[in-house]
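Order as written gives the chain letters A, B, C, D, E and F; numbering starts at 1 within each chain.
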Amino acid sequence: MSILLADIDTGATAWVLISTALVAFMTPGLAFFYGGMVRSKNMLGMLMQNFFAMGLISVIWAAVGFSLAFGGSGQYIGNLDFIFMKDLAKIAELPGYTGDFGLVIPILAFFAYQMMFAVITPALITGATADRMKFSAYAVLIGVWSILVYPIVARWVFSPNGWLFKRGALDFAGGAVVHINAGAAALAVVLVLGKRRGWPRDAMPPHNLPFTMLGTGILWFGWFGFNAGSALGANGLAAQALVNTHLAAASAMLVWLVVEKLRAGHATSLGAASGAVAGLVAITPCAGFVGGASPIIIGAVAGAVCYLCLSLKTKFGFDDSLDVIAVHLVGGIVGAMLLGVFADTAVNSLGADGLFLGGGASLLGDQFIAVVATLVFSFVVTGIAAIAIDRTIGLRVSTEDELIGLDQSQHAETAYQS
Amino acid sequence: MSILLADIDTGATAWVLISTALVAFMTPGLAFFYGGMVRSKNMLGMLMQNFFAMGLISVIWAAVGFSLAFGGSGQYIGNLDFIFMKDLAKIAELPGYTGDFGLVIPILAFFAYQMMFAVITPALITGATADRMKFSAYAVLIGVWSILVYPIVARWVFSPNGWLFKRGALDFAGGAVVHINAGAAALAVVLVLGKRRGWPRDAMPPHNLPFTMLGTGILWFGWFGFNAGSALGANGLAAQALVNTHLAAASAMLVWLVVEKLRAGHATSLGAASGAVAGLVAITPCAGFVGGASPIIIGAVAGAVCYLCLSLKTKFGFDDSLDVIAVHLVGGIVGAMLLGVFADTAVNSLGADGLFLGGGASLLGDQFIAVVATLVFSFVVTGIAAIAIDRTIGLRVSTEDELIGLDQSQHAETAYQS
Amino acid sequence: MSILLADIDTGATAWVLISTALVAFMTPGLAFFYGGMVRSKNMLGMLMQNFFAMGLISVIWAAVGFSLAFGGSGQYIGNLDFIFMKDLAKIAELPGYTGDFGLVIPILAFFAYQMMFAVITPALITGATADRMKFSAYAVLIGVWSILVYPIVARWVFSPNGWLFKRGALDFAGGAVVHINAGAAALAVVLVLGKRRGWPRDAMPPHNLPFTMLGTGILWFGWFGFNAGSALGANGLAAQALVNTHLAAASAMLVWLVVEKLRAGHATSLGAASGAVAGLVAITPCAGFVGGASPIIIGAVAGAVCYLCLSLKTKFGFDDSLDVIAVHLVGGIVGAMLLGVFADTAVNSLGADGLFLGGGASLLGDQFIAVVATLVFSFVVTGIAAIAIDRTIGLRVSTEDELIGLDQSQHAETAYQS
Amino acid sequence: MKLITAVIKPFKIDDVKDALKTAGVQGMTVTEVKGFGRQGGHTETYRGAEYQIDLVPKVRIELVVDDSVANNVVDVIRQAASTGKIGDGKIWVTAVEQIVRIRTGEQGSDAI
Amino acid sequence: MKLITAVIKPFKIDDVKDALKTAGVQGMTVTEVKGFGRQGGHTETYRGAEYQIDLVPKVRIELVVDDSVANNVVDVIRQAASTGKIGDGKIWVTAVEQIVRIRTGEQGSDAI
Amino acid sequence: MKLITAVIKPFKIDDVKDALKTAGVQGMTVTEVKGFGRQGGHTETYRGAEYQIDLVPKVRIELVVDDSVANNVVDVIRQAASTGKIGDGKIWVTAVEQIVRIRTGEQGSDAI
């Protein structure tokens, strides 16, 4: 079988392939996590937006996305060397992935793994814009976004050739590239889109919390691939990342529930789900750079901070329907900054030492720059795109369609029947 | 641990084991994919038929199926050397799997992996016969089928000793063995079984489309194991198969939605699900033999062709309830034939070059023979079996039982209660 | 990457990492398996208890559980060497895991894998106590249990330093540690807790059997990691364990359905689900020690015996709501004892030969001791804990809260809304 | 005006709806209900235990009609819903004092 | 004949059904509904926000009975459904002009 | 006493409930139903086939009130539920002979 390469590690390849599958499974998981929280008339609209991302973004990624993110030697953007996967099955190494960063897996496996990240990132936005966005506008928005925003940020942060990577900013599995990036974009779109009719006056309770729990289970499961797969090997680092991932989710869940119990009187299942996800988000940048009890602390901070940030949306009056900003944007920032504190070169010699491990504030500074750069870039470009779409085909469904619900108005379907 | 063999690759083994688990998970996935589409009174009937296949077929596979498919050196059928897994833990190699085709995984892993294919294939039939088949008749039918049909076709196509394999027909992961085989069988059974009461006059809309989407997510996830696991190694070929699988699903989804939007006015979530599955079906035979942008093209063709074939059932008046024929039979044929066009020895030196890669029409011819042989054999044998069952214990529930629904009449249960 | 160790097998590591993820996914699976069976007003209560175990037990495991189970050289309990994972990333080997038992995976991977077992074990109890336990009491109970019961039994049975392990008792993946342990605990708690209001007079039918089937699918899928992952390598033994696991589930399902059909008149979907789980439970201790057709026999016995034990609860008047005792306690005992009959050193040279393979009754005797020791220890300690909690904060919700349901009374939520 | 309430078997709803349309009825309201009656219920089996479920799924139709057509509508429903088997259901009629169309405020026959 | 409609607490449905059977009632129709009343609702919590849910789950029973037994049936329901706590519900009675058994076409008392 | 039954558009339930509260109504019972009427239904698409769904989701409200306030309550509902678009629904009124509060056994106006 001609494409077998001599220096490929089959264990690493097995792990990255299954991690790819796990990350791919997260988008359906996300669909149910969010879908359970909307009203039943918008259920299919939510599922559809997420599944559709799997279709559209994957093809865009193959066509240009990967190449823009990982082609060539530019610091700010890739090139078009790899459009439609050109040469990926043949080349010996990917630009920048040499020496310490050399891959021990087939480049196509790396391509596939990264593709799943590119898919789920814009899908995160659907939680903020729930219940009122036109399907056609959504399709255009995430299409544009996957060319103009995602690959650029991925280049900066993930590629060893990117300027933030070179500066020393660390992001093991996408705290900035995925969560801050999507969270900032969500904020921009929500500001252009406006509030749901009736918000915040009317209660819009979740229509099927079991589906939200199911989604949480799938997300948690998939996140092992998301974070531990980012080791790109089947080794102690992957094991460490997996342990960190799980413990951060666990501790964030506990802290969220405690804070919730104290402030709102009950520990809720939605709180358990939300806390776990907040912890998973926060540990994402840190997963392969921290050790010991750090993941428990990082999760705990994320659980508390994200919970407390839920009220931002009512305070500032933006209708982030399912709290993408409090969970992903805030959680991503918490993780990125705490990495500056807890990073440990004993865990990963390619990382750095954070504030608490004697590394001084320099990593913290780099992390701060990465956070701000990602946030501002994503917010601005997404905002412009959203405004452009709104002025042309319109971002938002009609009032009538919003009242009827997206399932019927956008897709001519009904979720539940006898 | 005595059964450890020296020339086993642990990475390959890890990948095939997890692929086995992934394929096993597809049958529950299929149960929900189909289950969401039936009316609620038949939900458990559908789930039950699929789960039951996991029970019955697995035991039959261990008893005789595997041996009939992979034992001995016959071209048309195996032998009984391996009944009840006799010697499988001890032998050094499987008949035919030598030289280029030598396995680097434990033979029991290969046995288990193939078992999951044997399980899901007859389960595919349940989509066509939904809502009206007696549970006892179903049990007998798939039991018989798993002895008389499946292992024979698997022998012909998968085993290096099989006549179609030797001819040069290619089927990476079961376009013929699984999809054409099951699709042809479904057609035969449906013709014997007759239409659902009220079809096509009454609307019989899906009772829970979220479950169908969930099933789609699980199927897609599992299909990575189905196709990329068929590389039987953790290498570049597996990575290529995984990439092809995902991109074909993505592009078929997009094309299905576009055609649907143009012809029926809306892009539906069921369309997204159906398109993705059509793409997955079509790429199945091709996954480890094509490269570059071919999967995108193969998916696109499958998305359009399968969509257009949906109307065959109303035109010809057979009630293929959930479109197994349009999706699996047609999708399988599309894939098998396009493989004759896009196959590329640069991707897999054990494959062949198709029409577009300078290989001439010879592969296309072999593919055509494999398609026809599988289709005719499966259709005829299944049809005879279905008629025999119908004449003896009866294939179909009574009108009363059909009206009440399978859940209550066949299983004395109710799917949803407060 | 500094924590890479020379003698780590990447294939084994990949397999154990993904097995860890699979076992982690089983707890959400269990949540749905059980959740589907309760009345809708208690759905979130059930889901919450299971998800909460993922939070609480994981943190306890990292803090002290792992160390109590696997630290030091004691026969009855570990020590505190590894609290908060101290040194786990650095040490070369784990106490007891040397020579034949030497690990070829990172110790953190072993830690993570074991953590998921620690999580799901107390979660099994929730099926017995469904619909009437206070959430706060549950939290305290499983917290205490995960320190006083689980690590001790794990030490005895799993650790090569444990007294039952040293005696020669075999438990491949937790027949005693997980199933008998949880089953005995469930019985103790149920006796203290008392019956559900209205039981057994009122019918309390499952509110959503599709969710139960979904849970079954996830459990089955995850069980491949649970059992085959326990080989701690990607080799023939893992393949054998996977084959055994699947076939036992399949055959137990078939036998359960046959017995059910004969005795109650119908083969039900809940029966298929229950039978499969009974088979999975019974094969758990045996998975890596038996071969040939034994798993089919073991599954068959479990299917019949567990079914027949369902009536124990009405006979003896304890309200084991979802049959944890008939399925897990009885199924675990069936598996542990049958291992004494079918164990085969040709399958695993580190095992023993059972009665049918010429090993005499000695293994049977050791298995019996392990069963009794686990059962008595778990029952007694759990019973004391439950009584203590009942006398202090109270185990049970008020009648009013029980009537309203746990979702609203404990968590101020509603599972399903429009 | 009369309010006609019918409880029928679920699979008969399409037939009844079609018959009513043909008979010129322009509106009705449909509810999923459960019925208890002579038909008895059915037995369900859960883990070896059998339960008698005596509430069976039914569909409840209600429609307000003019006095003049009430008898005819009752007949139409009866014919369309009948299978001759036990459990076919009931139709009952009560007097309506007033009816209003929300959209227009029309009252009486005009509002139907 | 009378139509008796009762709105009760969901967990009381089995008691009421049993009491009515004992009292000789042969049929009724049951609907899952939500009630708004003095009982007030409950508070639900979603992501830190509290919502007042003032529609609480109830079960609605309707049964047509002969004039002669109507008062008794009302009493039977009342006793079986009562917990003495707020929110136990209401029973109301309206006049039925006609009732038909779909299966047979029987009318009046025979149809009940 | 009167029984007022209203069938309205689902998204109007909050408005109607608020308006009734303001008007002093203390209780009502709500059912999810499907309506067939002039509004017509909508088309759904499944795998290329289009189905006409002529039953559209509605909410049915029923409340028993004193004779004296019945007309006013009908008006309040009408105003709160109206969008002016087809399909806004109907309100009808029937006579209630008796009403009992289950908890206390109170009857008549006191029971409402």
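To be clear about the criterion, a contact is a pair of C-beta atoms (placed from the backbone, for glycine too) under 8 Å apart; a residue touches a chain by one contact, two chains touch by 3 or more.
Note that the structure is predicted; figures quoted are calculated from it, not measured.
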Treat touching chains as neighbours: how many steps, at the fewest, connect chain A to chain F? 1
Looking at where chain B touches chain C, is over half of the residue numbers used by both copies, so same, or under half, so different? different
Which pair in C-D, B-D or A-E has the same interface as A-F, with over half of the contact pairs matching by residue number? B-D
Could you tell me the distance, in whole angstrom, between the mean C-alpha positions of chain D and chain F? 18
So, what's the distance in Å between the C-alpha centres of chain D and chain A? 51
What's the distance between the Cα centroids of chain A and chain B, rounded to whole Å? 33
Touching two or more other chains, which residues of chain F qualify? 31-32, 44-46, 53, 94-95
Would you please write down the residue numbers of chain C that are in contact with two or more other chains? 9-12, 14-15, 18, 205-206, 208, 214, 218, 234, 264-266, 268, 270, 411-414, 418
Any idea which chain A residues touch chain F in the complex? 202, 403, 408, 411-414
Per the touch rule, the chain E residues reaching chain C in their complex are 11, 14, 42-46, 53
Of chain A, residues touching chain C in the complex: 9-12, 14-15, 18, 22, 39-41, 205-210, 213-214, 216-218, 220-221, 224-225, 228, 231, 233-240, 242-243, 246-247, 249-251, 253-254, 257, 264-270, 272-273, 275-276, 291-293, 296, 345-350
Complex contact set, residues of chain D against chain F: 1, 3, 17, 26-31, 64, 94-103, 105, 111-112
Chain F to chain D touching residues, read off their complex: 2, 6-8, 31-38, 54-55, 58, 60, 74, 77-78, 81-95
